[in-house]
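After this come two complexes, each holding chain A, first together with chain B and then together with chain C.
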Partner chain A sequence: MTTMPQIRPDDRPLLIAFGFTLVILVIGTGYTLSTTGTMPLLQPSYLMQQLQIGSFLGICAAGMMLVILTGHIDLSIPWTLTSAAMVATSVGGPWAIPAGLSVGLCVGLVNGFGVSVLRVPSMIFTLGLDTVLRGLMVARTGGFAPQDTATPAMLYLAKAKLLGVPVALFVWIAVSLVVTFLLTRTTFGRALYATGTKERAAWLSGIRTRAVVTGAFLGSALCAALAGVLLAGYSAKAYQGMGNSYLLPAIAAVVLGGTHILGGRGRYAGTFLGVVLIVLLNSILSIMQMPEAFRQIIYGAVIIGMLLIYGRGTRVSE
Partner chain B sequence: MTRWIAQNRGFAAALVLFAALYFSYHLMHPRGFSTAVLVQNANELVAIGFVAMAQTVPVLLGGLDLSVGAVMTLAACVASWLLDGTPAQIALGMIATLAVGAGFGLMNGLIVVYGRLQPIIATLATGAIAIGLALLIRPNPGGNVDGDLNWALTNSVYDFAETYGFARGGDAAWLQPFVNIPVPLILLFGTACLVWLPFKRTVTGRTIYAIGSAEGAAYASGLPIDRARIAAFTLAGFFAACGGLYLAIQTSTGNADVVQAGAYTLNSIAAVVLGGTALLGGTGGVIASILGAMILRAVSFYFRILDIDPLLQPLIEGIVLLTAVSAVAFRTFGVKNQLELFR
Partner chain C sequence: MQNVPIVELSDVAISFAGVKALAGVDFACHAGSTHAILGENGAGKSTLIKIISGVLKPDTGTIAVNGSKVGFSGPADAADAGIVCMFQELSLIPDLSVADNVSILRPPRRFGLIDRRAQIARTEELLARVRCEDVDPRAMVRDLSLSRRQMVEVAKALGRDPKVLILDEATSALTQRDVETIYGLLDELRADGVCSLFISHRMHEVEALCDRLSVFRNGQHVETFAKGERSDAEIVRLMIGRDVTAKFPPKPPIRAERAPAVRLDDLRWEDRLKGVSLTLGKGEILGIGGLDGQGQKELLLALFGVLKGTKGTVTVGDGDGLATSPHRAKTGKNRIALIPDDRKTEGLMLSLSIADNIVAAALDKVASGGVIDPGRLDAAVRDGIARLQIKAGSPAHAVRTLSGGNQQKVVLAKWLMIAPDVILMNDPTRGIDVGTKQEIFRMMRTLADEGKSILFYSSDYAELIGCADRVIVLYDGRVVSELTGEAITEEAIVAASLNLKGEVA
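Up next, the complex of A and B:
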């Protein structure tokens, strides 16, 4: 980052998000010291446990970031995640995880087709596909949690520890490395940024923008499916609505990490920090036993406040 | 006439679709073409209709308001405390409810304009705040709404006149042509005609359309773009509060339901698109979105008379929505110059 001074403004959100994460830790530790005299937030085991829970959100956010970079949005994450989990648990055996991921593959291809070829606004197409997936799962399971349980491989990925570190955290890190590599070292990554900045210009300069957008949706759906498989392993089974609480936090994490919601700008490190920030904020609000009402208000106020600090957009676009 | 159709193709298509859906619904319904069915359907339409109206105004700017469902919930929770007592108290309560919604919308507008944030992400955050406030006001579902008001506003004009004893209890000759019209429909279209249509003709209203078409050009022409943006979000808050107010009157309760708020927000976007308003802004209108909401509701009415397995309903709803939005998009295959597809 020091070699490319022209992307300095992109570092600001990263620094602010990092600073805010520290502030949260200090406030939380101060609170626990004053009430119980302990500092659970600074214990590695507690942090590991929080990050293990956060890894599901982190994987969703990594995929969401690919889509947001192209200037689109993927609202089908909740039921892609749930469908993948349900399919994986019902297939079972060695094919459970591939079956779950193939759900993501299909969803991503359909989303990509609808958005890039049919040119339906992504906001409404992914929403429609989310409803269809919900309908399929409700029709299949009868609206109840399916009885199938997660396979040992899924349990291992979500719950086990390797060298004292949760395996889920390794999966998140692996996804992060893949996304970072894609974004910074491949033509696909450069094409994502170009398409998000100005699709028309990208197309005229020979980028196959349809394939690029489809690729982004594919990445997002695969990440959501992976998160679904892991989450089913973590709770030992799949259940209705298990993905509902991942959509808005994933968008928030991407945006808090400095990615522009209209596409074309943003770095993966920011998204990673955004997820850490949201996970820590949530865990501190739980420690404080904050009622749901104040949680929602604080959550909203933090997002608005941080975005205001990040620096404001232009007064008039174009 | 042909020219009007050519200029309002989305609206005309939605109108035909709704007319076909709703007419055949009445044909198949055992008690079709009766006031009772009409009143029931109208009641189910109002809340989503108002929220769709609310969503339309920011969409015309080229933005989105993800807080409309939450503001509607907040307004319903406020209303559930205030709509009881003397007529004057009830009237004040209604005004206070609408003021809460409009005030929240105003806050959205100020954040978007002076904070220069993207509307979609700013309203995502303020939506969480609205739900938090609603939970503070109504930690548990409940409420106390005047019974007469509930009866009068959720039935036909005749029942309204009878409840409040005007026009000789609904029997006056001049009222007879109107007695079978459901009051909720009058409220919905009345608000649209009295608030939106005059507003649309003001400079601020035209500026909303101008911003959606070409923001740079609107700015360069000296149009009041900041004022128009703030007005659009305030109006969205006001319409959402109308929906919340009606929901509270209809159900006599306020319920700070996060899932329901999210569902209303997402359905409002679907209704706006089905009505023919472009998500990119600049074309469409509030009346069209009411029509979009009517189509959404008409589809769900069919489940009752066709005896479809309830487990299949979400699937059919989703397929209808996806087909409707994709059908519009098939024109992309006829585009000669591919460059027109990209922006």
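Up next, the complex of A and C:
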């Protein structure tokens, strides 16, 4: 037996993501030092601002992780987010936020029903529902923007600061704590991992796999709806297409954090780090004033590259 | 023999993952004969025909066709040499037409393109030979009934112009009329000098059709003889042989009256269960015998609430009906557990930890209000590991790192955690070592003594004899025999498995 402290295979993706985050910070700081002689990336206020923007992505990714752990995927995030934002702003008043979240509730139940009971592949069903939601929203607004201003509560959650820290960041942390608790300390969490590992074996163990899968989609849609409500507060209004840039980064953050794309394996800390990594990567690319085309190329290449490293690691360890 | 055998195997051996499937097999068959191959489950029949038809390559030994040595690189090679096999699992492609399927290997061509008209004409001719003129060559295979499909399979095999035709359980899904057709066809082929190798579990078919019989047991060729040289009883004895197997815990004296734990009355499901009636008593180990695929698996799954659309009356305990899902079965007034036969895909979540697997069925027992209590969880896992003496480094290790025997113990530990009243076991000792087998049998007896009821299918007759208080034998979805006490013998079980009524015992 060896007494050397060994890296557990579970921790590997976390360490890689953490290491890569540090590399980004060093490279970015080196760049700003050499060009302007400042180091904005290491200033708490700048980091705080970036994380405030990142919290919308973080909340989406937290929900996405639940679905990916079951071995499914939720592609309806963009318009769940947008619909929730639009419904919240048009209802207005004290019921704005509950109205937005109830959109998420409905979407999650429909997705869960379609995937677990009707057995439609999640990739198709959620994509279809995304398109339906877009149609509904366009039909409702008729291309115009009716009352679409965020309520004071939404503005507070998304933009205000508490003790010098953006409230949005607190919301993200609260969601993170809830998801971590769900995954590690509840029967639902255990059933989620079991279902994602081998649905048939889980079902034959008497786990209600349909309910578990529905629960995961419900969590994902609620998170997307919450992100939508916050984003509407941040932008002070809801607008079409506001969710479009959240789908792929959310999936990327989950997978970069070490969650197995086919389900059953992954820890929430990884997803959190994955979001931080993506946010920092984005902000560095914008500091470098990289043309949009190159940003996209680098962004994609980094994600593929990191997944290659993970893939290699698991092959060796098995 | 009078002439050179058409297929001859000498000293053929093959093993899978260290387990010998065939060892030192010499086998020969001759043109113009219908040759039956008999043996128990796992005797090596299917491996033998896979070697002859080029699907598997033997580790050692040689195959000769018409006296010259050959080395097939695949089934296509064997087909070129005139060896055509009809496998148990149908090999037709459902989304192609009958004609496409029949000439899938060498379709008739014109200018390099498939000549549809010639293909259909050829198919019609072949279908006429198997008296299936009612099948339209343009019909999709998916639209045909199972028995029609099997006949198309026969036509496809005939279309390859076989010198050696292998029929592996070819008649299992056929109607009586089609069986007659096959009989006639085999006679025709024999007259044409074709050698047919015939695998069947139906003794009367073997009697009616074959002129030579070969018996296999434990991967070895026991004996080949002409029809009529041996009586049924002798054949059964050749199939069983004498092998010492695991030791079993002593059985309690037979008790005539037991309070019923589960009662089945005329349970039916699709065409797999055709009216099963039985009573499982409290504290009883009831063995299910029979050849593979006679409805045993379906019977256990039905009781566990897995199958949809079962008919018949089921009474569990005082008056509960049939569970409608595994969750209901597990949480009913009388808790039911199922140990599936395939532990790698149905029993375990291989990449999860031992601890996660052990608590998977009893999560609510270590949690209150859905929130897990880590202390209770650890205690439960430790308890399960100790109770079954699972040899594992740490409960946090993935289950896949354990040996087969220990994996099966994890499955048992998982189900014992819910304190089940009825335990359904589907071949729980398949592929595990003798030591663990004995532990499992002791465990089963202890559980039965505690008043649990165990319904237990095993493909190994010795286990049924050594372990069960009572044995029922299934054949074609029905209970054909019930044996108690001294009457549980290998002869009786094998005879019942082959549906030979009283002729042997």
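Everything below uses one rule, namely that the second predicted complex is superposed on the first by the 300 of 318 C-alpha atoms of A that agree within 3 Å, B and C clash if a C-alpha of one lies under 4 Å from a C-alpha of the other, contacts with A are read in each partner's own complex, and residues count from 1 in each chain.
We adopt the following convention: a contact is a pair of C-beta atoms (placed from the backbone, for glycine too) under 8 Å apart; a residue touches a chain by one contact, two chains touch by 3 or more.
Keep in mind it's a predicted model, so treat the numbers as computed, not measured.
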Report task. Label the relationship between chain B and chain C on chain A in the superposed model as either fit or clash. Result -> clash
**Report entry** First, second, both or neither for A:190, with chain B first and chain C second
**Finding:** second
Query raised in the report: Should A:135 be classified as contacting the first partner (chain B), the second (chain C), both, or neither?
Result: first
Query raised in the report: Just chain B (first), just chain C (second), both, or neither: which does A:203 touch?
Result: both
Requested in this report: Would you sort A:163 into first (chain B), second (chain C), both or neither based on which partner it touches?
Outcome: neither
Report task. Please determine whether it is chain B or chain C that touches the greater number of chain A residues. Result -> B
Query raised in the report: Between 1-9, 181-189 or 289-297, which chain B stretch has C-alpha clashes with chain C?
Result: 1-9
**Report entry** Overlap of chain C and chain B interfaces on chain A (superposed complexes)
**Finding:** 198, 200, 203-204
Query raised in the report: What part of chain A is in contact with chain B in the complex they form?
Result: 73, 75, 114, 117-121, 123-125, 127-136, 138-139, 142-143, 198-200, 203-204, 209, 244, 248, 251-252, 255, 261-262, 291-301, 303-304, 307-308, 312-318
Requested in this report: Show which residues of chain A lie in contact with chain C when the two form their complex.
Outcome: 185-191, 193-194, 197-198, 200-208, 264-265
Requested in this report: Spell out the residues on chain C that touch chain A in their complex, using ranges where they run on.
Outcome: 304, 306, 325-327, 329-331, 338, 340, 345-352, 356, 359-361, 363-364, 367, 370-372, 374, 414, 418
Requested in this report: Can you check the complex and tell me which residues of chain B touch chain A?
Outcome: 64, 111, 115-118, 120-122, 124-129, 131-133, 135-136, 139, 214-216, 219, 225, 259, 266, 269-270, 273, 279-280, 309, 311-319, 321-322, 325-326, 328-330, 332, 338-339, 341-343
